[in-house]
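Same chain, two partners: chain A is paired with chain B first, then with chain C.
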Partner chain A sequence: MKTCRVFLVLILCTAVVLGGTGCWDQTELNKASMVTGMALEPGDNMKYKVTFEIVNALETDPNKGGKGGTPTVIFSKEGNSIAEATQRINENLERMILISHFRVIIIDERLARKGINQFMDVLQRNRYVREDVIVLVGKGAPASDFLKTVYARGLYAGYKIQTQVETYRKVYGGVPRSHLFDIAQALLTEGRGLLLGAITISGDVEKSESLDAIKTISPAAVVKMAGAAVFRGDKLIGYLSNEHTRMVMLAGDYVNNTLFAIPGPGGKQTSPGGIDVQFYHMHAHMHVKMNGDKPKIVVNIQGDGKITSIDRNMKLTTIKGYETIEQMTSNYVNEQMQETVSYVQKKFGLDVFGFGQHYYRYHFRKFKPIAKEWNSLFTRADVEVKSNFTLRRPDLKTQKVEKEQIGP
Partner chain B sequence: MTPSKVNPVDTFTLQLVFLLSTSIIFGTPSVVPDSWLVGLVAFFPACLFIVLYSAMLSSQHDLGLYPMLEKAWGKIAGKMFVLLYAIYFLYIAARNIRDMIELVMSALLRITPVPILTSLFIMLIAYTALGGIKAIARFASLILCIVLLMLVTLAVFLMFSSSIILEQMLPFLSKGMWPVIQSAFTHSLWFPYGEIIVFLVFQPELGGAKGFRKITLYAFISACIILTISDLLQIWSLGIESKKYSVFALLDAARLINIANIITRMDAVVALIIIFGTLLKCSVFLFACTEGIARIFKVKTGKLTFPLALVAGAFSILVTRNSAEHVTEGLKYVIYTMHIPLQLLVPLLTLILLRIRYRKGAAT
Partner chain C sequence: MSTEEQSLTGEQMNSLEKVKKQLKQVFGETTDLAVEPVDVGQYKGLMCYLTTMTNSAFIMEHVVKKLAMSEHKEPISKEETFQQLEISAYSGLSHQTLQNIDDVMFKIVLGNAAIFIEGCAQVLVLDVRTLNSRSIEEPSTQNVVRGPKEGFTESADTNMSLIRRRFNNVKLRFEKYELGYLTHTAVYMAYLDGEVDEEILKQVRETLSSSHIDSLFDSGRIEEMFHSKGKGIQLFPTVYSSERPDAVCSCMINKRIAIIVDGSPFVLIVPTIFPDFFQSPEDEYQWVVIGVFSRWLRYFAFVLSLIVPALYIAVTSYHQELIPSVLLTSIAAQREGIPFPASIEILLMEITFEILREAGTRMPRLVGPTISIVGALVLGEATVQAGVVSNINVIVVSLTAISGFVAPIYTFGSKVRFFRFGLILLSSLIGLYGLVLGCCLLMVQLTRIESFGVPYMSLFSRWDKRRVT
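And then the complex of A and B:
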């Protein structure tokens, strides 16, 4: 009886050990391939064409080095849905794909014009897709081309684009924060048009596809930031330039760090004697109220920064010098912001700044009756920009290095 | 049953973990935008449960629920009620196992067969329940530490990845106060607060009416605060609009964590919270059920634990076909057909009957 009992306990233990491993869900690393980027395009024969950039892990080992093959391989598959195309990628590829680490989704312009909502769900629902994966619109070229442009360091095109977008946003702010999660946020709330980052290619893509392209000093083709893609609802209607995008993002308090190049006296952007100021901590908040049937919007911008360059004679040892530059910066930013607002009002007639969203959040009861017509109200809105900049220090020089005149 | 009492602190942690376990993940059902308010509103009527149950206990000198039922309703009807309650507890245990399985299947594993997961899990539950209420209570403080630590970790990580945006909880009360109150009375009041009735079964060991009144009130207050914080955390990170769309709101919030591209996707933390919480909650229910069944059929409690755990496991798989059915059943039918009668009506009638049949001072 006792041996029988011991035997049964042993069997139970083995069963638990075997069951507890959860072997059903195992994925062997050498049977799987990581995906670093994904591009969505309209298909030639079917509804969508999905392109994956798949890492060839052997070639990317920094210690052993590769055998001279390519670090990434591009595979495309057509399907009537994104999920179908993804699942059928193995018609071309031998390994299972791991999509949990891809960082960038590039949507083709042609798809975006028809509306992105019809295929977003699979990305939002899937637990493997990160909420902070960057969704971009490929301007002027088929989306898969962006994954084909490699250059010396950015061996993975997807990784290069992702880092580029994040760094650019961090140092200049000329691209919207277009995480997957932000799309849901923008489409769900009221009074804010969706903005996604836009990228474009300059140069020759066909040359750039070859690995020889990374052996030249000037890359054959380069992926560039192209500002923001503006969506009405979920449909692409146009693009904003990098400068305009920065102003839009600044109004929404998404820009922390940026640089303003204030033109010299003469009124033109190219006139000599310009001043550069760099800001590290920028904050913006808005106030929206209705003035009769016209929205009255006040944007307050604050910044804390330093002087980067002065190409004219101006003393930074005096308080007056700082005050003058602060005033100039203020005027310049106000003017740029006004210009951006009126450009958006005229060109798109769509509130991409999020003024409506602000009104919706803070004055829900007043926003409710005008929710439908907000965008047309926005085009008539009075926008007042108030900026308050503080310049703290002049870096290393007190004024422009210039020979002082001797004598009369 | 030994009359030795459980340490009051252990009782408190036991009740707190019991209240938190599954509701911390599923949160307050997002039928209204300001779901965080629902929990706060539901707290006040929930205190009436404490009044009702402690009145039952004090009228009968701290007798457990089952003897009390028999005493109030007579031998046969009383036994029927005991059986009803035992089945009710088993059913809730099964539902909680299913909740846990739903999360694990959608967040961690997906191909692993559900029966295997369930049977491994119920073995743990049964083993915990075998230890009796004292062992479960001591186990609770450990789990409470884990759950709170994980929740604080989540909050801190979310803060550091700048995902917490307070603005997202606005507009405040966009649909008015009435839906909030309605939701409080139709959902949050019965689950999790009303489920505290299961502790009536063990009251002789947990400190009687006096202890119950005080400890449970503290547990309710703490649970209310923690659940509200958890709800707020979900709203602040997901936004009032998109929280509505997530199956497991806290899990979705955890997915937003990204600290310098190093600490990302803390799904596992959320899964741990629910696994530990459910483990404790289910073992409490299972133990209460075995007590009841053992009382009716006059068997030793220990002999029933494993078979009943198996029944609960099987039930959890068979009870619904898909998650929609599971949620609808939980939010609609269970509340009206089981929670309200068994948490409110039967105890109320029992109390009245007890008061009538055994007047003050009358021999019992």
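And then the complex of A and C:
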């Protein structure tokens, strides 16, 4: 009886082992290669062209320093589906690829205009692709070019772009949050258009492919942020500049830290005597209601900040000085926000701010009948911006360093 | 030994010649047996002892001198002489009066001197045992920075005095047992009367008195005896041993029993629970926060020494997605060009380390530095330089090795090392799943072990008297 039980337990254990991971799943690290970036383009002969940035691990070792080769190798493959192209990458490459360490997915402009929904499923379904991988739209250049820009730090392009996007979003807010799950979220939500981060290249990519490019002080080609790509449904319809993107993000309460450069008296951006204020702990709330058949939108913006520079003589020894600057900031931000809203209304006629989403969440019954025509309602919407900024400190100096006038 | 002289007692044992003959028969031609004719009062006598168990100066000072002074002017009978001797001459010395010659022989073996009087039935046995033993030194295991520096020695008498000195308490008891039918080694059971659970006491007594071993040279033998008494397989040690009197005493206060074996500086403590192996006596002598911190550090190191190599293998060869990208790149860069899979690589280095450790313990002190040169330089540096193993592997193995030595009790760490190999094997076959499975099995094992009826994990539950059987 006892032997019988022992056997049963053994059989059970074996069965469980067969179902779980086993030595057949083993991938030795030196028989596989990490993929750090992926670029999707329309193919020349087939439907898609997939480009992978594959790490040449030996060259990234800071101690051994490698043999002077490139830290990454780029391989492209065409296929009629992304999965097919991915599997066929081994026609060129000798190792298995580890796709769990993707940093960025760059989608070509041409592909994005046709709609991204037709190929997103493979990325969302795959268990190895992380949900927080950054999805960007490559503006003005083929997507694979973005992976070909060698960067001076010897790091792979995917890592550089990811860190760049995150840092830029953190310090300025000029790029939307565009993780893989954000796409799914935006596509499933009512009343909000999809925004993805856009990047572009300045410089000569062909020169930049060589390692010699990083031996110069000014890099041959640099990937830079280009604001946001605006999608209607799943199709790309245009771009927003960095400044507009920041305002859109600010209205949706995605910006935490940013800096406003308030122009000097004279009305123009270039007029002398400007004031810079930096804000942290920023918060925004929106209120949406229908005024007849016209949406009435109120955006409240709050922020704590400090004065970064004052290029004119202002008296900061009394509270009144601060209040003046706070008021100026408020006016400036309100004006910018108004300008952005009317730009989006006129240019795209698409609610990228998420006002509709807010209305949908808070007044579902009222939103339901107008859900279909929300975007056209949005173009007619009245937007009121109220902002309340508080300056906490003037940094080291109270006043601009200036000689006081003596005598009358 | 079965001749008629064996059973000679009383009146028959009157002739000194006969006694001499008997002694010769039993002890043979051993050179360390001294049989000296002496004068006891007006009568002839015989003194015999083993020269190896005492020293002649002591005999001269305490026995022969007194014997010389025992002469009386007026003649008295043999019995009176004997009493005189017993009461006045040797009153300060531990002594016994025996009649059976077998008992006398045995006492001589234990280091007593026997005085026979011509024609007298009784034999006076004097305790003259003076043994050379190591002086009390700092213990070589379980070192502390703060705390008493005394360690137990090989002499059970010294060890008992070290314990008694710390307990000025009438309740401290020492019970003597003799184990080993060839060596007759003295084993003492020490406990605080009234504090210790009677049931456990009974079990220990039974185990000690029912043992049938031929010899006993170290307490390790008794440790194994106690350990094998438990039910089923017991992978973790269930007997605690210490070289430090303060550690033993603090255990005895906590209702434990100490077992002192003559000839072994390691005193055993039963019953033992899991947390005992993570306690250093020093924890109690310093600021409580530091004590608690270092204790938890030991638990942490214990877990590290168990799972780090297995975790490394599982994660790098099955679950690369669990490693942060930058770390993975760095690991991958180091693994580049290594001819072996991660599991072989780890096993290779683990076994190398085991060999180094074994060599380091066994080799003569003088050649000790050789080991560190060969081990650290040749094996560590050169293997990495030659590209046989990767840097990260060396880090993993050395981290594991160092963590393994953190447990204050060496025997515990050495047992745990073997589970590591099991976990390495499991995780190299079935990845993280195997590691988790192995840890579960260890957990099951930990929770079902008992030491003299006390659950091994008692710290994490209560000491339940009803469970003590």
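As a convention for this text, the second predicted complex is superposed on the first by the 384 of 408 C-alpha atoms of A that agree within 3 Å, B and C clash if a C-alpha of one lies under 4 Å from a C-alpha of the other, contacts with A are read in each partner's own complex, and residues count from 1 in each chain.
Just so it is clear, a residue touches a chain if its C-beta (ideal position, glycine included) is under 8 Å from a C-beta of that chain, and two chains touch if they have at least 3 such contacts.
All values reported here derive from a predicted model rather than from experimental measurement.
Peer 1: Quick one: chain B and chain C on chain A, clash or fit?
Peer 2: Pair status: fit.
Peer 1: A:Y360 in the overlay: touching chain B, chain C, both, or neither? Say first, second, both or neither.
Peer 2: Only chain B; A:Y360 stays clear of chain C.
Peer 1: Of the two partner chains, chain B (first) and chain C (second), which one does A:D132 touch, if any: first, second, both, or neither?
Peer 2: first
Peer 1: With both structures superposed on the shared chain, find the angle between the C-alpha centres of chain B and chain C as seen from the C-alpha centre of chain A, to the nearest 10 degrees.
Peer 2: Once the structures are overlaid on A, chain A sees chain B and chain C at 50 degrees.
Peer 1: Applying the document's definition of touching, compare chain B and chain C: which contacts more of chain A?
Peer 2: The partner with more contacted residues on chain A is C.
Peer 1: Taking the superposition as given, does A:L188 touch the first partner, chain B, the second, chain C, both, or neither?
Peer 2: The first partner, chain B, only.
Peer 1: With both complexes superposed on chain A, which partner does A:D25 reach: first (chain B), second (chain C), both or neither?
Peer 2: Both chain B and chain C are touched by A:D25.
Peer 1: Going by the contact rule set out at the top, does A:M314 touch chain B (first), chain C (second), both, or neither?
Peer 2: Neither: A:M314 stays clear of chain B and chain C.
Peer 1: Taking the superposition as given, does A:T36 touch the first partner, chain B, the second, chain C, both, or neither?
Peer 2: Only chain C; A:T36 stays clear of chain B.
Peer 1: Can A:I262 be said to touch chain B (first), chain C (second), both, or neither?
Peer 2: Neither partner.
Peer 1: Working from the superposed arrangement, determine the closest approach of chain B to chain C, counting only CA atoms, in whole Å.
Peer 2: The answer is 6 Å, the least C-alpha separation in the overlay.
Peer 1: Which chain A residues lie in the overlap of the chain B contact set and the chain C contact set?
Peer 2: Looking at chain A, the two contact sets intersect at 20, 22, 25, 130.
Peer 1: Across the complex, what residues on chain A touch chain B?
Peer 2: Answer in residue numbers: 16, 19-20, 22, 24-25, 127, 130-132, 181, 184-185, 188-189, 360-362, 364, 367.
Peer 1: Given the complex with chain C, which residues does chain A contribute to the contact?
Peer 2: Per the stated touch rule, the residues are 17, 20-23, 25-30, 32, 34, 36, 55, 57-64, 98, 100-101, 103, 128, 130, 159.
Peer 1: Report the residues of chain C in contact with chain A in the complex, numbered from low to high.
Peer 2: So the residues of chain C in touch with chain A come to 316-318, 320-321, 325-326, 328-338, 341-342, 391, 428-433.
Peer 1: Considering only the defined contacts, which chain B positions touch chain A in the complex?
Peer 2: 106-113, 116, 119-120, 123, 167, 170-172, 174, 239, 241-242, 245, 252, 255-256, 258, 264-265, 267
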